[in-house]
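Here come two complexes built around chain A, the first alongside chain B, the second alongside chain C.
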Partner chain A sequence: MSEDTAAVTRIETPIYLKYNFTAGSAPARFLARIREGVLTGQRCPRCANVYIPPRGSCPACGVATEEEVVLPDKGTVQSFTVVAIPIPNNPIKPPFVIANLVLDGANLSFIHLMSECENSEVRIGQRVQAVWKPSSEWTHAMDNIRYFKSIDEPDVPIEKIGKLPLSGWEG
Partner chain B sequence: MKDIAIVAFSQSDCLARAGAANEVELIMPQLRAVFSQVGLNNAQDVDFVCSGSCDYLQGAAFAFVAGVDALGAVPPIKESHVEMDAAWALYESILKIRMGQADSALIYGFGKSSSGELPIVLSQQLDPYYLAPLWVDTVSLAAMQARMLLEKELITERAMAQVVARARMHGRNNPHAQLGGEVSVDELLAAPTFVSPLRESDCAPVADGAAAMIICTPDKAREWGVPYALISGIDHRIETHNLGMRDLTDSVSTRLAAQTAGVSRGPVEVAEVYAPFSHQEIILGRALGLGDETVINPSGGVMVGNLMMASGLSRLGEVFRRIVSGEVSRGVAHATSGPCLQHNLVAVLESA
Partner chain C sequence: MAQPEVLSQAFELGFTYTRSTGPVVGKFLTGLRDRTISGIKASDGRVIVPPMEYDPQTAAALTEFVEVGQQGEIVSWCWVKQPRAAHPIQQPFAWAMIRLDGADVAMIHCVVADAEEQLFTGARVSAVWADETRGYITDIRCFEIAGGQDSE
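Coming up: the complex of A and B.
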């Protein structure tokens, strides 16, 4: 290379690939029901754990989860964080609360937003309920639920989180 | 050197489209099948697990991690993955057993190629500076290879069509095949070329699906009380990514791997070779030194159904099934990866 040839420090080779992505048969059943405002988990035939949203298998046992279980929209905070900084491309203005929630009758948590609560008072074991969008806006998506709000029920002790029956928490 | 026993194998149907199924849903039925062949519960009952897949195929980042949901990995298991055909996951598992770190292993491969445009997706495995930006697809590269063979008079279009006709004939007896049936060489040759000189029939159909296998030490196989076949030799060799540097009319890597795997140390009754294009089966037959006494691709091979990332493993599985059923006592299995047979694995399987 002659001395006056500029070093190539960068080339751009963009990759565009088009896919018809499918979520899976079990997630498709879940998404079809959430379109109607119904939350469905799936039960493991071996260990009886209920998973929501389902992926089609029990990751603990490695078996298919065929049985569907309709779950209530009430649950418990398993963990949470208060986000104080803006996250790129996230339209939600900070501070806001992201929480790991377990629905009554389910054994695995999922992540959603919390609102209608004092951020400083959010705590593990707190009882919450879904606040849904108007049904005219429902699609095949988890954001049919706008967020979960705090409800006036006694806290769930840590050892009972993720182990509540479908009937909920009596305190 | 420790002998390796294959004790179980299962493969899904080759489907042009697996519908809504995700990776876990593709894998699970095959895992259930191999576990039940041996009498195991889940991956807790083997010492090591290794899978082969490529996230580019279905366009899902870390799909191979999601696949772990099919295993029963609670409590945690020893698990590994290769971004390759599962035949190389088998190779890694064999090393693990030979090093004394495991007595048994579960291997699986899966792919959902129908989500994307496979020939274009595979263009991204090429050299990133010169070739990948040109989007050179795998069918075009294979067509150039076929052209060289034809021009040098190393093959004829009729010989290519004979490969296809035989594969389809064998495919009639393969319950998992996507294509199969009687078709004459003349009928095949009457069809127009697709990417010349290749006709559509010269190219393996794209299929979604999965395959799984369980291997172990012979002691473990006897403890489990299941029939098994032995892998008496295995090797794999890779050629340069620079296509211009390679002799595309030969498969030097297959030839070398066949020597070290010991292919010629005994009669080869069957050979299952992974040839996604008809002319490549002819190249591979020559590189493996196969003669008229060998039945090539009794399953129909990938010309009747190509499960990307699982077809290589399935080649071993097909030979295993024929040995355990008593149909044959010695056979060869071959797997390939990369454009124009760049990387090749050869294994010799024998009855115990």
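Coming up: the complex of A and C.
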């Protein structure tokens, strides 16, 4: 019981914030489609940028977005980080790769996991494709995609990342 | 466009902080673990509970710890009719400023009482210790209205 006699020098003071998140109409449509294994973005009527996941408006033009665009599950690494420190309550064991990925035909990245790759070889411009869970496990969640894996396509030059057409890089 | 179904989900964001106490608050918390309450003497002679590291007037480092009583009186209070999940007491209780015997400033803590009517400025209260003390302010589980008997 030596711990009982040592002076107190630190205390645990966790803060837990409990939220109830309700998706707006654009995210709700996105989630309804991803439940069916379909990735759906929205195109801005003014600047034509495509956003996924859609928020219902264009952050650059400030106008409502309604036109839906079905996107492929292939994309490009825009940036990434190798996580080396375990995160509380996260079941994934470090080291693992979290990346900003931009799908072909989209103009804004989202964050997802990368796997089936050497962490040391992950790089900006690398081509990736989604690895989906079995369709029987699909829900209203981006987690329907287990992770993105590296695919055998040439890297995208930095100036073209986020500007590829729906047809992809080599298409 | 068809109205989509409403999608709603609970989630929790947690910040798992650990804080360094510093030597003075650390000594106060160590005292709580031993079921004692300590203050510190300021340059003007006042005893401040919980203790602070530096004098409020001169900014000089304070070092003279003083053990204070485990009873005191309510200076002001606020009755909580409906405690929330994060509150320390899951029945109606009061947040109160309590001036402990031997202290010159009041300390905030919770007071458990059968009814709001039992609380008043000047009411005597006494500390109730947690079954297990660990060096946290919650080692004092609460204060309760001091009974007729003046014994500990």
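Basically, the second predicted complex is superposed on the first by the 149 of 171 C-alpha atoms of A that agree within 3 Å, B and C clash if a C-alpha of one lies under 4 Å from a C-alpha of the other, contacts with A are read in each partner's own complex, and residues count from 1 in each chain.
Methods note: a contact is a pair of C-beta atoms (placed from the backbone, for glycine too) under 8 Å apart; a residue touches a chain by one contact, two chains touch by 3 or more.
The model shown is predicted, which means the values in this text are computed figures rather than measured ones.
Legend: residue contacts after superposition of the two complexes on their common chain; A:Ser135 is shown touching neither chain B nor chain C. Looking at the shared chain after the overlay, A:Leu17 reaches both chain B and chain C. Once the two complexes are overlaid on the shared chain, A:Ala64 sits against chain B while remaining clear of chain C.
Contacts of A:Arg55 after superposition on the shared chain: chain B is touched, whereas chain C is not. Applying the stated contact rule after C-alpha superposition, one finds that A:Asn89 touches chain C and leaves chain B untouched.
Touch criterion not met for A:Thr81: it reaches neither chain B nor chain C. Residues 11, 13, 15, 17-23, 25, 27-28 of chain A lie at the contact with chain B in one complex and at the contact with chain C in the other. Those residues of chain B lying in contact with chain A across their complex are 19-25, 28, 31-32, 42-43, 56, 58-60, 66, 68-74, 112, 114-117, 120-121, 124, 128-129, 132-133.
Looking at the complex, you find that chain C touches chain A at residues 1, 3-21, 26-27, 29-30, 33, 135-136. Looking at the complex, you find that chain A touches chain B at residues 11, 13, 15, 17-28, 55-64.
Those residues of chain A whose C-beta lies close enough to touch chain C in the complex are 4, 7-23, 25, 27-29, 31-32, 66, 88-89, 140.
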